[in-house]
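Take a look at the structures listed below.
Below, chain A partners chain B and then partners chain C, in two separate complexes.
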Partner chain A sequence: MKRKTKRAIFYWLILALPLLQFAIFYIGVNFNSLLLAFRQYDVLSNASSFVGLDNFAQVLRDIRQMEYLHIAFRNSLLLCVVNLLFGTGLALLFSFYIYKKRLFAGAFKIFLFMPHIISAVIMVTIYKFFVDRAIPYFVEQLFSVEMSGLLANPDTVFGTVLFFAVWVSFGTQTIMYTGAMSGISDSVVEAARMDGITPLREFWYITLPSIYPTIVTFVIVCVAGIFTNQMQLYSFYGQNAEYKLYNIGYFLYSETQSASGSGSYMRYPYLSAFGLVLTCIAVPLTLIVRWAMNKFGPKAD
Partner chain B sequence: MKRIMRIAALVLVASCLLPAAACARDTGGEAIDEHRTQLYVSNFNGGVGTEWLYGVKERFEAAYRNEVFEPGTDKVGVQVIIEKTKDRGGTLTGTISSSPYAVFFSESVPYYEWVRNGLVLEITDLVRQTPEGGASIESRLSDETKKLLTFIDGNYYAIPHYEGFNGVQYDIDLFEQYGFYFARSGNPDNFGFVSADDPERSCGPDGKYRTSDDGLPATYDEFFTLCSYMLTKNVTPFVWTGEFTEYTNYLLEALCARYGEAYETALRYTFDSNGQEVEVITDFNGDTPVIDHVEVTEQSGYYIYQQSSRYYALQFFQRLMSNSRYYSDLSTSPTFSHLDAQEEFFMSKLENRPIAMLIDGNYWWNEAQENGVFTRAASYGSAAENRNFGWMPLPGVVSGTFEDVNEENGAKATLVESLRSYAAINANIADDPDMVRLAKLFLQFVYSDEELRTFTATTGVTRNIAYQLNSTEFAQMPSYARNFWQYREQADIVRSSSTSLLFMANENDFTTVSGVWGSTIDSTPYRFPYTAFRESRSAKDYFTGMWVSQSDWDAMYRQYYTVSD
Partner chain C sequence: MKSNVMKHRRPSPLTVTLGILLALYALSMTVLLLWGVFTALKTQEEFRQNVALPPGGAPWDWAWGNFVRVFENFYVPVTKIVNGTAVQQNIWVEEMLLNTLLYTVGGAFIQTAVPCAVAYVTSKFRFRFSAVVQGIVIVTMIIPIVGSQASELELLMRIGIYDTIWGNWIQKFNFLGMYYLVFFAAFKLIPDDYAEAAYIDGASEWRVMISIMLPLVATTFFTVMLLKFIDFWNDYQTPLLYLPTHPTLAYGVFRLSTEPIQEMSTVPMRMAACIIMAVPVLAVFIVFRNKLMGNLSMGGIKE
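Presenting the complex of A and B:
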């Protein structure tokens, strides 16, 4: 057998498994989900039948009428905005600090990446104890003021969960931005420094434009995931988060879990239709954001 | 470098194979005996635990140690391998057909779904078979249970396992020690409670004298008089888990069950009041509810959200939440689990910060035991031994005193079974007659009269099948189990299941704790009354926020019933 043929066989053998996996678990699942959105299951026979756009009509009616879905949409948007403004903003500043190898830069790197090394459930448990027991304890010890836990207090619970969601996404961004920053040509930075550039101007005029493609990627991923990011709510509350904490990602996840928990197919067509409606919103939104960022963003050259 | 690359490649390949290990059977660390036939049994390791099953395993293996289950091999006897799992009910639906386990004991089982999908083996012969010197399983099932199990095609596919009832547990010793019982005389010298000079107790919530609930609060008003009295004795009335908010709904459910008749409580599942009238609230005159009586059918199922029992239960709970001294401060902490709450409740008296009542299920005692609470309490010596706890009979009358309560209007002994626990055989062994025979034999053994009794004696938990404990077994059970057994004996049981298509197709809407008690107040939706009351919402607003209009009901469910003109 020729060396070229051998290589081709090796190449396709290596690719076969991921391709098969992609075909079954992505294309197959999504195609099936698409079909499911137009069907309904019979209670007794479990047979499914074509129902046209009934499921979509039900989804749109629910989106219009159900208060908790309004909250869920609002919270999803809020999470995305906070992630973009504060998460990305702070991640850029921290990344710059680490890139500049300032005091404790290495330690920051480890702390920020910690949530990604430790399992989400463990992180949530540690965080719950910290905000609900440790903080009130310290406040009481230091200021002699009694306060309830941040998750126990109805006024602070959403902010506390939101903070966690932003914080855990912070590490990945920081690592990626730091990586992108380290690729900036030393000679450019050196030249600017000789011209007396301040760190702030360096950040604004050199660093930011240089890593702009990475920022665009993160922003697009954040916008595309606007309806799938479930804010770690499932790790906090399982299927029993209160409505005021709901976001769309959590709604879809917990509804699917619940449908599977009851062992019933009845709810799946509705959820498929819901997913497709969300896709209709998220896809154009993502494309618009990508277009705008590429059009109006800084250019590295 | 090449060597390092090779090692790295090996490690990567090994890590790729790791998931395959998950497909293997979990033997629980037990070595496989190649000279015996293995029977793999999966058990949901929840409140009832798995200790009982280890006992069954020992006895079953001993009973069939000389039996051959795989003819043609040299294997003699059986080895039961037990998997303790946290997966239950519907979570198993997607995995049963490829599961290596032949027998399942689980809860929250979507029975009809499993049957419709052919996931469990038909076991009608086993259920109807009369064992030597005993009675068939079918003959021990209630008519209602038989109907539920055979609804789809007249066959049996599972057998009821244990029963779970949610409500309030109380520390009987503490009640005795402090005299937390209302006096029949009204005893004004002791705020209406019994004293050494005046020990005769009031009729209690059932309205009958000389019954086990004598002296306990007979009305909601009395209940809060008791709570306030407890505070004067430095006793905290309640504790519950703050982590699982849904537990607070257990109190609401238990109150509702005590308010009306059993058929009224069952409406959420049956949507059929059988021509009888149900008490509902149709409006409010100020804060006074306007009561009406209606028949409930699937078409008028929206009335279940207007049942007055719900309003009064909400009012009760709001009253409880309105005074933070009525419950442990840990009960609002999301880090305080149900296991923590059980331990707090059990230890409180020993640690001189007594708590009188716990919101939890009847399985709490066994759960606490399996989690080592009693072992940890042993350091308190004799004070921790022979403690008396019981199932709290809640009042069923809203206002007034015990003098306003009689046999007619007293609380009904109704319990709502909510765990839907079943035992079943995996349909994927259907082609293996030897394994089918073994699995059926095992279930038959588990459901023998002796094993049924042993199960309850071990766990304190009852099963939805007729059997009686003898006096020795009864006496050997922990005090809580004895107390609950007696309470259950005289109670009407409502099963959280029905043959209504409306129910079957929308099970989540009517069985999940959050599904049934959701409300919207001023455009703010709530899943739990607990959250709303913490935000100072009123019971009335919460209650009216739960209502569903007829048009909305029709829009949601009309495909499951015929709309009459």
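Presenting the complex of A and C:
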């Protein structure tokens, strides 16, 4: 057998199963999602029938009328903006500090990475008892003022959960940004320093433009995840989060979870239609952000 | 001296501000985790009287027995369908540990080996289809498809692999995502000369891949597998959705956190369960921290 033929056989043998898996679990699943969105299941028999656009009409009606979905959309958007401004912004600044090998940079890198190592469910479990039990206790001991737990207080609960979501989000970004920053040419930094550049100007005019492709990647991942990011809400509350804390990621996961627990397919068509409506918003949004960042961002040269 | 290490200079306001912020971050993380550990070492009675400070008395008098009681009392009630009838069953910590190992080690190996093998052939074999595979990876990373879990669940139930560990391995048998790009970049850096020399000596394609190419990316392979191991060890949402009667430890701790069972309902016992679950993965991190926090390069996805 010719070597070229042997190589082709090997090539396709390696690719065959992953491509089959992709065909079933990506293309097949998403195609099935499309079909599901036009069907309805009978409660008792689990038999399905074609219902045209009924599921989409129901989804759009719910989006228009249901207060908890208004809240969920608003919170998802807020989470995305906060993640971009504070999560990405601080991660970039922290990465700069670590890249410059300032005091305790190695130790700080470990602390930032810690929430990536310890399970979210553990962090959440400790955090929620800490903010509800330990912090009021400290305040009472130190200032002789009685206060309720931060999660128990309706005025502070959303901020407390949002703070947690940002607080544990720096690890992966910091690793990737410091990795990208370490690739910046020493001679460029050295030349700028000879000219007396300050650290702030170096960060703004040299570091950020040099690692711009990595920043674009993370911003796109953040925007693309606008409707799947749950703000760790499921870890905090399981199925029982209050409506005012809802976001779309949480709504979709908890609805799917409760539908699968019921053993009936009845809720799946509605959820598929909901997912398709959200995809129709998320795809153009992501592509626009990507286009804008590439068009208006700094050029490599 | 490396240029990015500055000495004998007064730190700038930016450096000082960032240093303070990072110190506060480290302090908040330390206080929270220490509070969790100290709480795990209290009796419920002591916790009621002393919520915030370390347990009183000598360390050997602390409630170390909480950890033993977790192993004796930690279970997750699940509902299994046996011969068409719903049966309530308690899954104990030993079985959760076994499920965790199967889910974590099996999943981590598959989700490392598959992108690695696909990246190898698409980077080293000059076939036109390789560009298609790369395109698929990039497009699926950029295009966010929302809400396909319901469809996936229905499909898994119909083909009979829902709620099985091996079915979950099949679900994970994909090459999509960031780590394909990491392996692709790693293989691209390896010159073709090594493989060519082996071909001249009569080595087969399998031998070249396994004996020559894979050892050259062994560090990347190991790092990706460790990262995946940690991800899966900590993941409770996937088992909760796709493996409801095969709870892992993370799934168990989640259930404990949101709907505590009688024997484990106190805060110290719940903290003890959290600490037990965190210890193995922290040990992995301490041993391999340089690899885990090293530079995995993949570049950006800017055109």
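By our rule, the second predicted complex is superposed on the first by the 279 of 301 C-alpha atoms of A that agree within 3 Å, B and C clash if a C-alpha of one lies under 4 Å from a C-alpha of the other, contacts with A are read in each partner's own complex, and residues count from 1 in each chain.
Keep this in mind: a residue touches a chain if its C-beta (ideal position, glycine included) is under 8 Å from a C-beta of that chain, and two chains touch if they have at least 3 such contacts.
Since the structure is predicted, the reported quantities are computational estimates derived from the model, not experimental observations.
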| item | value |
| --- | --- |
| Room on chain A for both chain B and chain C (clash or fit) | clash |
| First (chain B), second (chain C), both or neither touched by A:R267 | both |
| Contacts of A:V29 with chain B and chain C, given as first, second, both or neither | second |
| First, second, both or neither for A:T207, with chain B first and chain C second | neither |
| First (chain B), second (chain C), both or neither touched by A:K244 | first |
| First, second, both or neither for A:I118, with chain B first and chain C second | second |
| Partner chain(s) touched by A:V189 [first = chain B, second = chain C, both, neither] | second |
| Chain B versus chain C as contact partner of A:F129, first or second or both or neither | both |
| Contacts of A:A259 with chain B and chain C, given as first, second, both or neither | both |
| Partner with the higher number of touched chain A residues, chain C or chain B | C |
| Partner chain in contact with A:L103 - chain B first, chain C second, else both or neither | second |
| Location of chain C clashes with chain B - one stretch out of 98-106, 170-178 or 188-196 | 98-106 |
| On chain A, positions contacted by chain B and by chain C | 128-129, 133, 240, 259-261, 265, 267 |
| For the chain A and chain C complex, residues of the former touching the latter | 3, 6-8, 10-11, 14-15, 17-18, 21-22, 24-26, 28-30, 32-33, 36, 90, 93-94, 96-97, 99-104, 107-130, 133-134, 137-138, 141, 167, 170, 175-176, 178-179, 182-183, 186-187, 189-190, 193, 198-200, 203, 212-217, 220-221, 224-228, 234-235, 237-238, 240, 252-253, 256-257, 259-261, 265, 267-268, 271-272, 274-276, 278-279, 282-283, 286-287, 290, 293-294 |
| Chain B partner contacts - residues on chain A that touch it in the complex | 43-46, 61, 66-68, 71, 128-129, 132-133, 148-149, 151-152, 154, 236, 239-244, 258-267 |
| Chain C - residues contacting chain A, complex | 2-6, 11-15, 18-19, 21-23, 25-26, 28-30, 32-33, 35-36, 39, 51-52, 114, 117-118, 120-122, 125, 127, 129, 133, 136, 140-155, 157, 170-171, 173-176, 199, 204-206, 230, 233-237, 240-241, 244, 250, 253-254, 257-259, 267, 270-271, 274, 277-278, 281-282, 285, 289, 292-293, 295-297, 299-303 |
| Partner chain A, residues of chain B touching it in the complex | 89-94, 108-110, 113-114, 116-117, 152, 242, 244-246, 332-335, 501, 504-508, 511-514, 518, 520, 523-528, 531, 534-535, 555, 560 |
